[in-house]
Amino acid sequence: MNYHPFIIPFSAGAIFLFAVVIYKFVKWFRNLDRKQMYFVNKNIFSFKTIEAIGETFREALIHRNIYKKNPLLGYMHMSLAFGWFLLIAVGKTESSFYAGTFFEEPWLAIFFKYFAKEQHSYFMAAEFSFIMDLLLLIVLSGVALALFKRVRSNFLGMKKATKHSKFDRIALASLWWIFPLRLLAESTTAAVAGNGNFLTGTVGNWLSGLPVEAIELPMWWAYSFSLCAFFVSLPFSRYMHIPTEVALIFLRKWGATAGEQYSGMTDLQLNSCSRCGICIDSCQLNFAADINHVQSVYFIRDTRYKKLTDEVANNCLMCGRCVEACPVGLELTVIRQQLRNKAEIPGKHYFEYNKAEESKNKTDVIYFAGCMTHLTPSIIISMKKIFNEAGERFWFMDEDKGLCCGRPMRQQGFVQQSKDLISKNMRLIASSGAKMMVTSCPICYKSFTEEYVLDIPVMHHTEYIKMLMDKKRINVKKSDLNMVYHDPCELGRGSGIFEQPRDVLRQTGNLRVSEFEKENALCCGGSLSNTVIELDTQIKIRNHALEVLTESKPDVLATACPLCKKSFVHGNKAKVMDIAEIVADCLNLQSEKNEKKSVNKKESIEFI
Amino acid sequence: MTETKKHFWNEYQKEIAEDNFFYERSCIRQSFFPGSETIFLKILTDDLGKNIIDDPNQHTCTGIGYHSDVVPFDTTMTVVGRLFSLMKDSGVRNYVPSCVTSFGVFTEVVETWKHFPEELEKTRDNLRKATGREFDIPENIAHPSDIIYKYRKELKEKMKYQLVNRHTGKPLKVVEHIGCHYGKIFSKHAVGGAEFPQVLAGMIEEWGGEVVDYPERRHCCGFGFRQYLVMANRGYSVANTKKKFESMKPYKPDFIVANCPGCAMFMDRWQYTIAEMEGITYDDNKMGIPVLTYEEMAGMLLGYNPWDLGLQIHQVQVEQLLDKIGIEYNPDDKFIGKSGKYLGEPEKPENLVVDYGK
Amino acid sequence: MIIGGGPAGLEAAYNIAINGYKVTILEKDNEIGGNIKKWVKLFPDFGDAAEIRKAFADKVNKGNIEIQTGVEISELYSENEKWFAKNGNNVIYSADAALLATGFEAFDARRKEELGYGIYDNVITSVDFEEMYKTGKILTAQGTVPKRIAFLNCVGSRDEKVGNHYCSRVCCINAVKQATEFKELVPDAEAYCFYMDMRMAGQFYEELYRKSQEKYNVNYIRGRISEAAATFDKRIQIKSEDTLTGLPMKMTVDILVLMVGIESSASTTELSRQNGINGEYGFAKSLGLYISDNLTKKAGLFLAGSCKRPLTLPETVADSRAASVQILNYLKLN
Amino acid sequence: MKNWGFKISRPRAIDFDTADLAEYSKLVEKVPSAKRCLMCGACTATCSAGNHTDFNFRHSHLMYRRGQFEGLAEELDKCMLCGKCKMVCPRGVNTRAIIYNMRIFLNDMNYKNIES
């Protein structure tokens, strides 16, 4: 039997690792909620599983997403992950050929060079030797890059590197040692045995001046110990993401998503974060306001280690930029929402308003301006003008300042209270008999579309205006204004409405492009979700966004959210208009034409 | 006392007649503090040799009814007119109402007549029609406490005791409380004004005691007619008394002296109420702080028998105070009435410690 | 001839003298400087009062300015277009023109008896506060470091009871300044400011007010303290309404500072009365508010500074310069 | 105990000597801009909830500052956190964060009360 005591640390570490990982997986899977379990059961034996395997290869081994964002960073991850995977896979194949059976000692592949010191002739021995050296070199190049990244993070295009926990550092140090030690161990063995390929052989030659017989075994011990250290620290460090991410890919393929409550899916996501820190770079709090201890990576880490503070949980704009940036595709804002849940605060006295809960107005379209829109009355006036022009029979539901849509409560974690508001509003909506609902506030829009159960379509006014224009119910004349459009977070990234507002603007003026567009759009800083930052910080974020958006010196900075409008107006750097206002200004008024016609008629009468 | 303090109350001096008084008794004092008025008359006649008339035909001034909003002002003026007519009959011209509220009513009515002479004529008419009587406005209206204050030095010479703790030799700490209707209606009619009333403080300091100047010194005792008369408001009445006691507590006063029937009575009886309701007393031995009227204080120091002064009728027992000053008394006589018969002993409260001396 | 050696008098003296006229300053105190003498730092920029006083003194240290200190003028009158001022010892000073720059006096807080000034040792005025601040320490009468201090605005101003309907204009900002100074000295203590309105109408006033809240944690309570009384441990119990909660309130403080208002000085009242230019509240009355604010109905008698009405230091100095021009014109034309 | 037919009224006055003013310091640590509040009431005037109820943010905030917590949690229950108040504040006070944190702290206090 190929045995030497130095395999014990490795084997013990590996057994420990498997035990812990299995224990955790079982726990998390058992904690999946009903909806998630439903999807697992439904899709586990479907084609989706095959897809998941493919995605595992693409994402977990090749890291295609990181590649797309940053090729050098992608290569670093790929060389480490895929390189190591191949080292194991090819090594296992080689050792199986060597042993002549697939069921050789499990550690043989790991320490193959030591046990297969003499020249052997098994199938493709020379080729294997070359491939293994090549793979080792690739992995080592990844390690070198990683080391370099630690020292100078911006070399790899990263502005901020993540701060690490204790386990992270142990795991990281052992990970860095594994491959150099493997190289040294294999090279000393190569020097002793006088073999080795282009890498191990060459390094072996360099080492041959040393007492290689004496240092060979210590090297293999060190290699085994570094593996052991890595395996033992892995489940408690960020490297837990290696096994967890695979599980997450499968779950996600099957259709499971994080729900309203903390569940096993949340745990899986928390553990799938590799703490790469890409989210820090994408976060405006970091690059516009120099706050860099609250980003999603820290939020996820603190939640995972159960030391989440209020500040980290609440200091987030919920703009969703990090969600777009995350290479693992974690549902960061949803998880933050789960952790903000304040079910312990009772809501029995909430909103005992004496307002009628039934509408007396029967109508076709409900217009819900939203609380904030009442502070930007020109949006309301414009919408009324547009409704009238389109001849729409509408009911201004919150004309007398209605109930809030419920989303601001929800974002702060008062879910029960939010539901209370929602049910009151739903009753009111249902009683009006409307066939459609239009809102001017993206926050309300997101709430109506996601949290309400309504049997009528809901439109943000940008969509609605686009529809009216498409159906020629309103006519606009194109102005010569140069405009830049700012995507509100909840409307753009939040609800995927990017094109409708742009279409409308193209018909009413000249739409210019700014640096941060669509998925990549910036937050205006006025977000309600953040209860930690104060006005001075908001102003920094706003001013930065304003700087970017007005770079081309547009005549009008167009947006579609009262909150964004207010933020930018206060910045006093450009004329800020809501799309509704722009459209209202550009209307070819039917009523005016009618007036002219009637005037003509009068004249003709007089003529007669 | 700082110079400024002296400076202030000196601005408020009032004229107090020297002799020939018409005494008007209080409606409620004779039952609350049965010895007080008698002792006042005694002090004036026996100790000071003054002429004071105690007319048996006198009656209420309507103060309680007036301040409880059940007697209209016209009625009050007419009733006051009748009292003045009694004085006219007796031939003296200096009016001395025993009760602070009466004092307030008289000063208010006289002040009204001064500004609205037609009201005076109307009142004269009304009284004439109702009783056929005529009246004169008194030359001087003074509260009995003013008179005692005026003669405090003369009285001191006759006093057997001083307001000094005989065990420690230190002055007794005395809380003085002026009835609101004494100085707060017209501060110019109060000795020392409303902020630093001197009438009781002058007696205390002259007689060897030390006045306690505590933050809530000027706060109402809580009597406030409308408040205590209606049960629903009574909690508010006690709350005021409680506030005063909480404020004076750190000074550890030896006793309280008041010149108003309601104040003396409420500060004495509400101590019992607070003790029974909340278990709180404001002294160290759960016996409460004794409350005296100024006549009782003067009579006590002049050497009158405490039981003749009616001190046994108080809720908070006064023996602790008598012992401090060194006043002799016979505990066995405490509940022996004027007729010599044993009157029986009051029921003991649960929380407030009373010691009937047996 | 300038009556009053405060900022108004000194500034005018300099401006008139530099134009070649001989100036006599008659100051009742033994030192010139007027009310600035009592102050350590000035609002709103914490300027050094001593330095500013020195700057004024340097300005009038000129050949043709004669400074008479310790001279209290009891009579001011004109005869044959000449002005005469007589002091208590019947010494007479004469000149072609006279400038009344007799300034203000701080309200005597003892007149608000219920606030306990002069009765309780720990009730002090804003002037006393400055006096104490000169020592570099703010201590209670017992010599302890205060844990809680209260400032009360509008003592002697906007008060019908003392006959002053007007706003003294400087007390609000002075309270902000003193509260800030106090918190700098005793950062752990609580500071409360009681106000009827916060009148922050000067440049940088609002900013200082804001800073006192934000940086120094000074609390502002809208309500007027109506009663102060000493407690057993010689602290001061105050009562007010917390008008913004609609509830009465009481608290015990270690020191109560009364922000005393500006009143016409005795000289202002007396000298303007003699010349028939007595205005409201004992202040001197100018001919007109807009274009003849430094003139009086008597030819050759001029007014400068806070003898007319409560003014801040910069306003006084500006007004004094305006008066100088009027006087120079008068001297030239006559 | 006897039935007196009445109870001693509690004083309506805020007593700064006994009031719990420390809670507000905790709040101010979370929301430093709270110190800047001038009590102008713009927040209350624009309040969506105030349109339907007697909710008065300015008053609630001040009561919290004064350590008067009784009934305050129920009062805050009327707020919908819509954030309009924050938009109109002339002193840049993060009013919404004040409400949010008051709610949390009041709830914590409640728990403490239940435990003790």
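We just call them A, B, C and D in the order they show up, numbering each chain from 1.
Keep this in mind: a contact is a pair of C-beta atoms (placed from the backbone, for glycine too) under 8 Å apart; a residue touches a chain by one contact, two chains touch by 3 or more.
Quick caveat, the model's predicted, so the values are computed rather than measured.
**Student:** Taking contact as defined at the start, I'd like the list of chains shared as neighbours by chain C and chain D.
**Tutor:** B
**Student:** Would you mind checking which chain's mean C-alpha position lies nearest the centre of all protein C-alpha atoms?
**Tutor:** The most central chain, going by mean C-alpha position, is D.
**Student:** Cα centroid separation between chain B and chain C, in whole Å?
**Tutor:** Inter-chain centre distance comes to 47 Å.
**Student:** If you average the CA atoms of chain A and of chain D, how far apart do the two points sit, in angstrom?
**Tutor:** Centre-to-centre distance between chain A and chain D: 37 Å.
**Student:** How many Å are there between the centre of chain B and the centre of chain D, using C-alpha atoms for each centre?
**Tutor:** 46
**Student:** When the centre of a chain is set as the mean of its C-alpha atoms, what distance in Å lies between chain A and chain B?
**Tutor:** Centre separation, chain A to chain B: 83 Å.
**Student:** At which residue positions does chain D touch at least two other chains?
**Tutor:** Correct list: 32-33.
**Student:** Could you run through all the chain pairs that touch each other?
**Tutor:** Applying the touch rule to all chain pairs gives A-D, B-C, B-D, C-D.
**Student:** Flag every residue of chain D that touches chain B in the complex, lowest number first.
**Tutor:** 1-2, 4-11
**Student:** Give the list of chain A residues in touch with chain D in this complex.
**Tutor:** 310, 342, 344-345, 347, 349-355, 371-372, 374-375, 400-404, 406, 408-409, 412, 414, 417, 421, 528, 531-532, 534-536, 563, 566
**Student:** With touch defined as at the start, can you tell me which chain D residues reach chain C in the complex?
**Tutor:** Contact set of chain D toward chain C: 12-17, 21, 32-33, 35-36, 39, 58-59, 62-63, 66, 68, 91.
**Student:** Provide the residue numbers of chain D that touch chain A in the complex, in ascending order.
**Tutor:** Checking each residue of chain D against chain A gives 30-33, 46, 48-49, 51-53, 74, 77-78, 80-84, 87-88, 92, 94, 96-97, 100-101, 103-104, 107.
**Student:** Looking at the complex, which residues from chain C come into contact with chain B?
**Tutor:** 110, 113-114, 117-119, 227, 229-233, 237
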